[in-house]
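In the two assemblies presented below, subunit A is common to both, partnered first by subunit B and then by subunit C.
Up next is the complex of A and B:
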């Protein structure tokens, strides 16, 4: 009965962990020191949320939260492919940050009505912290959209290119029908996706950034097995790494980008089995 | 004359457990203790973490447990971390605010935001060193999840502001 709750919370946790890890890659490398601090802090929040969510899963299944975060095989992670993509450049980093945090805000707002009290309390806490991520992302979008043409163009292109994978954040979770029936998930993923499209389309209009969100919607289909490059195709950290198809993250289909990330993320855990920290 | 109970002694012990990242304040000053229950020799303490991702949480859990076990008459201490209700800065006591300020960390101002959309940095931050309001935000993020970075244009000191959340 709680399997679908576990699936829901795991998907949320995996998104936060994997994107948190990408954000942490800016530590020491961001284009200015204040952004170094900002992305490091956002990463710490996201990974902290993941830890709390894994703790919730563990309290249901009796598993170990560290094992959930660091001890699974690649195809057992349920994050959206968007979260595993390399940071590329500042334009892509901001486009993804903005799209992800607005998507996250939509689903967390819906989850305040979840039938699971513990998840509801945690979501309420997370939303208060996530507010600063949204403000950060919005501030950068405004700053660049009011700046020189080069930055505007690059940001616009990055948003346009990123939208299809951002929509996949709303790929249905496993056992979604049951999660809806039990009230764990108060609204279906496609309803949440429509809210996200409305919100981001309106925001882009206000910013006068002619990046298209809505037109991608019809084109989006979730085909779990269609992921263009599965992990054994060798490392590729470039933007062209893959593919047309981005769906399938919620079913454990990931790209070679995740192979590299997973290897870094879990290295210490795999190197020292049973270590406590 | 009131009689001091074991529960009072537990609260006293908690008042000596310092925040590992802001050692000027205790977990009681910070309003992190939601409840203390004592039944026989068993104490149960419910702690509200200030921020979900705060790396000090496991240390706080351990320190709380150790402190409570040190109270005469207590044989077992259960420490529960809870997000219900969400910790908000209005839980910080007057004493806690004073101690934060002396530490060089501007305490949060105003009432805790009710709506998520109202959460944000204060329009005016007061410098904890010289009291000036002639300050500006340098970064909404800082060295820990709970702090934002400011600069005082009057006394030329950088300072940190506890984030409203």
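Up next is the complex of A and C:
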């Protein structure tokens, strides 16, 4: 009954933890000292959200939030693969930050109507910080997309490359049908994905990035919105249209990039069981 | 990139006070990074940024020195006023009695 709630909250928490960890790898290396502080702060926010969400899971299952964050095997994490990718350069980091935070905004907006009051309260708190993340990402995107050719080109390439994995943020969660039935998740993942596609392709148009940057999104828009329509007729049909992505991060399938991140992230926890600070 | 001076207000009845500077491409970006640099620990509730180049000051600081005796501008220069007034009242009283 509450299993699907646990699955939903775990997926949210794992996204925030793993991406927050990637963001934190910029600490000391960001393009400017001011941005270093700001981006590190965003990383802390994301990890703080993960901690709060693990706390919610723990209160349901009686588990320990630290163990949930740091004591699981790699294939027990339910984040999207997008979150585990290495930072590469600032263009990729920014493209991912922008796509992720827009996706996050879409799903958090939907989750304000969740049937679980604790999750609803947490989501409202998170949204207050996520608003800043969104402004931060938008402001950077505007600056780089209107700036000199080199940065603009690198950003366009990064966005184009990142879009397919960003769409997998809306890979259905485990036991999604039950989460929908119970009202934990107020809208199906592919409806949320269609909203995300709609919003971000509009935003990319406003940024005056060339049409080919949006082509990935728009190619998927047709599929996503048509499968969104199918949802009304029956959830089983929408699932079959999602065969490709149903085997990704939300089912615990991760890349070797996560292996390296995981061993770094969990090193201290594994080396000193039961330690506190 | 330009330098922006950052002013912070510690409460809604307090004045904005200078708290530091950030380097940024424009005012909007300066505000975004200033928030995380200067309001991380609830130090205040509001921020201003302004281009350092928009701040005007004196080229010759020696103009600001107070060269001559301006003791009359300070309260301590008037410490004997109370006594002087008492003496004046005394004199006025005597004159009235006569």
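Following the convention adopted for this analysis, the second predicted complex is superposed on the first by the 240 of 277 C-alpha atoms of A that agree within 3 Å, B and C clash if a C-alpha of one lies under 4 Å from a C-alpha of the other, contacts with A are read in each partner's own complex, and residues count from 1 in each chain.
We adopt the following convention: a contact is a pair of C-beta atoms (placed from the backbone, for glycine too) under 8 Å apart; a residue touches a chain by one contact, two chains touch by 3 or more.
Since the model is a prediction, treat every value here as computed from it, not as a measurement.
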Clash or fit (per the criteria above) of subunit B with subunit C on subunit A: clash
Touching partner for A:19 - first (subunit B), second (subunit C), both, neither: neither
Touching partner for A:197 - first (subunit B), second (subunit C), both, neither: neither
A:167 touches, of subunit B and subunit C: first, second, both or neither? neither
First, second, both or neither for A:143, with subunit B first and subunit C second: second
Partner chain in contact with A:126 - subunit B first, subunit C second, else both or neither: first
First, second, both or neither for A:5, with subunit B first and subunit C second: neither
In the superposition, subunit B vs subunit C on subunit A residues touched: B
Contacts of A:47 with subunit B and subunit C, given as first, second, both or neither: first
Contact residues common to both interfaces of subunit A (with subunit B and with subunit C): 34, 37-38, 41, 132, 135-136
Interfacial residue positions of subunit C with respect to subunit A in the complex: 22-26, 28-29, 32-37, 40
Subunit A-facing residues of subunit B, complex: 51-55, 82-88, 116-117, 119-120, 138-143, 145, 149, 163, 165
Subunit B-facing residues of subunit A, complex: 34, 37-38, 40-42, 44-49, 51-52, 109, 117-118, 121-122, 124-129, 131-132, 135-136
In the complex, subunit A residues that touch subunit C: 32-35, 37-38, 41, 132, 135-136, 139, 143
